[in-house]
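Across the two complexes that follow, subunit A remains constant while its partner is subunit B and subsequently subunit C.
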Partner chain A sequence: MQPIKIQPIKMLVDFIDLRLGVKDLYTKELNGYLLPKNVNAWYTLGAVLVVLFKLQIITGILLLMFYVPDAEKAFASVQYIVNEVPFGWLFRMLHAIGANVIVIALLLHMLSVLFMGSYKGRREFTWLSGFIIFNLTMGLCLTGYLLPWSQLSFWATTVATDAAGAIPVVGDYLVEFLRGGPTVGNQTLGRFFALHVVGMPLVLLGLIGVHLFCVKRRGISSPPFGPDYSGNEDLPFFEHEKHPGGIPFFPNYFVKDAAVICFFMAFLLAIIFYAPGLFFPESAFQPADPFLTPPHIKPEWYFLWAYQTLKIFPSEIVGLGVQGVFMTFLALLPFIDRGPERRPGKRPLFVTCYVLGILLFVAISVWGHYS
Partner chain B sequence: MSTHVTPPQRRKFLFTMLGGIGALIGAASAWPVFRFLAPSDADSGSDQVLVPRGDVVAGKAHFFQYRGKPAVIMQPSPGSFIALSAVCTHLGCVIAWQEQAGEFLCPCHGGRFSADGQVLGGPPPKPLESLVVQIDGDQLKIG
Partner chain C sequence: MSRVVIWSFLLACFVGLSPTSVAFAADTVCIECHGGQPGPLGAPIAEWRTSVHAQNGISCHDCHGGDPTDFASAMEPEQGFLGAPDYSDVPAFCGRCHVGVAEAYQSGAHGQAIESGGAQCVVCHGNHAIQKPGLELINEENCSQCHSYDRAALIRLSLVETDTMVAKVGEDLERLYRLGFAVDEMQGTLFNQRNLFHRIFHGVDVERVRQETAAVQAEVGKISNEVAEIDATVGQRKLWGSVVIGLFVLAGVIFMLVRKAYEEEEKGGG
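Take a look at the complex of A and B:
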């Protein structure tokens, strides 16, 4: 007689499947979810960002256990986390440097979508929700920047909030409203803290949900390269973009996702262990002093372009206007660029503007850094 | 002997390796989280606390922190000192000194203790924990 073989994992899966139909979900959403045959590594950046955002939530919750959002105690609480709490330095670094890596991944994600024209084919909502996520992430970076209550935090926030004063009529009131008072102080810390840990993350989670829904509902776009590429058909009705004969998301593409996620995690850990001071100038280690502005105070690298643009134009309002026009143009790009062609080789004007735009961003940022 | 590896064998090997590596990474990630959340030794305070002798007046109770918990020291007769944990042995409330009655009362459920920590009445199951006191000049060394 054959001995009865007990398979606990199979029994557990069967138990859950009987109640929730998970095997059907696996077939439909993972193994049966087909991606274009020529899908490339740039498509993994969404998954990378999901993992990085999750890391921010986990490390953020851990830091909250020791952080004190009070102007008198905030700096000391961060110092305590970094110097006294076991592995506090690691979670603080993962959170602060992870935010920079998120911005890098977001920029790469958006640049790859632009280059491959993936915003086309009635994906306006996908692009718009992604664009708002990008801006919200910038807001999270700005509000999070103040929380350590260092000289850098204090004066970078003073400069950033002061920029709103250039808006005619309501500017001065807006600055005071943003700060919760005439200057950056305890009340600013309170509102930035609330926005950073509750308000903005809640909106961000909702928006990520909308973005993923749009991606899933509309269907993944095919990369516009190689013989497999076929243009979008302008049908007068909704149609989910399918990829018959494509590769399964799980396990095939999942492995590629995992590999790029590992690469980004290695990149993040490499900065933490080999260049921990990369994003922390000296003023980040001095407690905020409202009576002493440190020399050469600069915003984070991803705000340098905006900072320098304000300096280039003789009037702040013109500088703000230029930034506003550029960002609005970028937000509405899928509504403006209506042509069906997605192959970069067939879009010389777009590619020229794209390359020049990146060079301009880099040049203005470098100029801002050394100015 | 055949060295041929069948696809199911290969799959099983790869899954085992992947599971092992995953478990290692999981454990390596969980350890810092555990250490970050675990109570710090520094928070529990020193094993020995010094209290100035002048702070402990005869007939009165002097409360202080000992290893992160409230404790109390008394001088029942001149030159003799008693130190006790101020945490009630019933449900952990902090006892209060009743000068008139010359006893400790737990305000939560009415537990009563004598000045040397013995249970006089109420629900406490055992006496208050006693702490060692040494006289060191003008200081009282507790613990």
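Take a look at the complex of A and C:
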């Protein structure tokens, strides 16, 4: 008589499969989900961002256990988290520095999509949802900035909300609406806190869902490089872009996602342990004082371009208008750039604008930093 | 309307922060008026801007009194305007804020000799361009204006070790503060000890300086030990952090190697 082999994992998988059909799901959505043969490392940035956003949620929840959204107690509660709560310093650093790394990853993701023309081929919704995610992330950064109630928080928020005052007609009302009063105070902290921990994350999660749905439904675009690239053909009906003979997402490409995620985590931790002050100026460690404006207050690095643009133009409203036009143009790019060509070598005008745009962004940001 | 508000908010997020609203406290009428004047009436403003007082928000009216908001009554005695004090009144003038130092000074040789031209505050520290003082102020050139440098040299020698210690602990606390550590209490203690230390040598009594600096050193030493403990914690964190970073890099490299193996397989299969 043959001995009966007990295979607990197989039994468990079979148990679940009988009820949820997970094997079929694995075949269709993971191993059977094929990516273009020439897919490159830039395509991993989406997965990196998903992991980084999850890290923000986890660390955010941990911070929320001790943070007090009250102007009298907020700064002390952050001090308590950093100095008294076991590993509180790590959660706070992962959250605050992680936000900066997310912005870096988002910029790289968007720049790679632009360079490869991946927004083309009826992917307007994918681009637009991604663009809104980017801006919502900026909003999360802005609202999160106020919560520690430091000098930096207070004055950066004062200045940022002041900027809205330059908008004609509604400017003054808008400033008061954003602040919940004539000046930044407890009421501002309350609404920024609500937006930062509930409102914006909920919308963000929804948008990430929409973005992933668009990516999945329309199909991954092929990189416009090498002999495997074939141009897009705009058919008069919907078509999911398939990649027959391509690379299975799991496990073949998943390991590349995992590798880049590991490198990004190493990068994030390297800043936390070796350059923890990189994103924290001195005013970030002083409690908010509405009667003392700190000298040389500067916005975060990703807002420096906007900060400096407002200084270049003779009036704030012109600066705001220029920024508004630029951002609107970027949001609507897939509707404006309708040409089917995606190969950078065949798009000299676009590549020139792309390179000059990056250089301009860096130059204006550096100028803003040293101005 | 709500759509306008939402779009305006998003626009505000896009455009980030405006620099034009960052403003320092408005200049007082003293600065507005004297700042534009030539010669000795305007010079103090330029000198003051370079001073430790300016860095800490101490303005003209904080010392000279008067109403800094009104041109007409700015220099009215009724508004508490004092103007420039007489030579012998300077210690009391500065001593309104620097109380401990003034007490020590008045009990010492300099303070006792004030009526006969003994050194007062501005002789060593200067007036409007006053800088954060250090031991370099006790030097042969300064002291020899009035007397021989011998005793001053002895006092300076007694102060060097403590001064270096206080400065080093101050720098350490600043470094830890920039890392987010709650060092307010230690900074407060150091501030008190530094003040006490400054007080001691304004009495210009060599023996007293020697005795009392020992007590200051003991207190500052306690802070130094606490700093060392925090530094040890930081070192441990760095060590564990390095291990985790190394593990992530290693995992990344392994995943890349696995991917390479898959690539070989894909080429073979294709």
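Basically, the second predicted complex is superposed on the first by the 370 of 371 C-alpha atoms of A that agree within 3 Å, B and C clash if a C-alpha of one lies under 4 Å from a C-alpha of the other, contacts with A are read in each partner's own complex, and residues count from 1 in each chain.
As a convention for this text, contacts are C-beta pairs under 8 Å (C-beta built on N, C-alpha and C of every residue); 3 or more make two chains touch, one makes a residue touch a chain.
Remember, predicted model here, so these are calculated numbers, not experimental data.
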Larger residue footprint on subunit A, choosing between subunit B and subunit C, goes to C
Have a look at where A:Val85 lands relative to subunit B and subunit C in the superposition and call it first, second, both or neither. first
**Prompt:** First (subunit B), second (subunit C), both or neither: which does A:Ala160 touch?
**Reply:** second
Between subunit B and subunit C, whom does A:Phe329 touch in the aligned arrangement: first, second, both, or neither?
neither
Item checked: Partner chain in contact with A:Val255 - subunit B first, subunit C second, else both or neither -> second
Exercise for review: With the two complexes superposed on chain A, say which partner A:Leu62 touches: subunit B (first), subunit C (second), both, or neither.
Suggested key: first
### Task
In the overlay, answer first, second, both or neither for which of subunit B and subunit C A:Leu142 touches.
second
Dual-contact residues of subunit A, meaning touching subunit B and subunit C, are none
Listed in rising order, subunit A residues that touch subunit B in their complex are 62, 65, 84-88, 90-91
Given the complex, residues on subunit B that touch subunit A span 32-33, 35-38, 40, 42
Residue positions on subunit C within touch of subunit A in the complex are 4-5, 8-25, 57, 177-182, 237-238, 241-242, 244-245, 248-249, 251-253, 255-256, 258-259, 262, 266, 270
Per the touch rule above, subunit A residues touching subunit C in the complex are 37, 79, 82-83, 89, 92, 135, 138-139, 142, 155-156, 158-164, 166-167, 170, 174, 177-178, 245, 247, 251-253, 255-256, 258-260, 262-263, 265-266, 269-270, 272-274, 276-277, 280, 282, 285, 292-293, 295, 297, 299, 303-311, 316, 319-320, 323-324, 327, 371
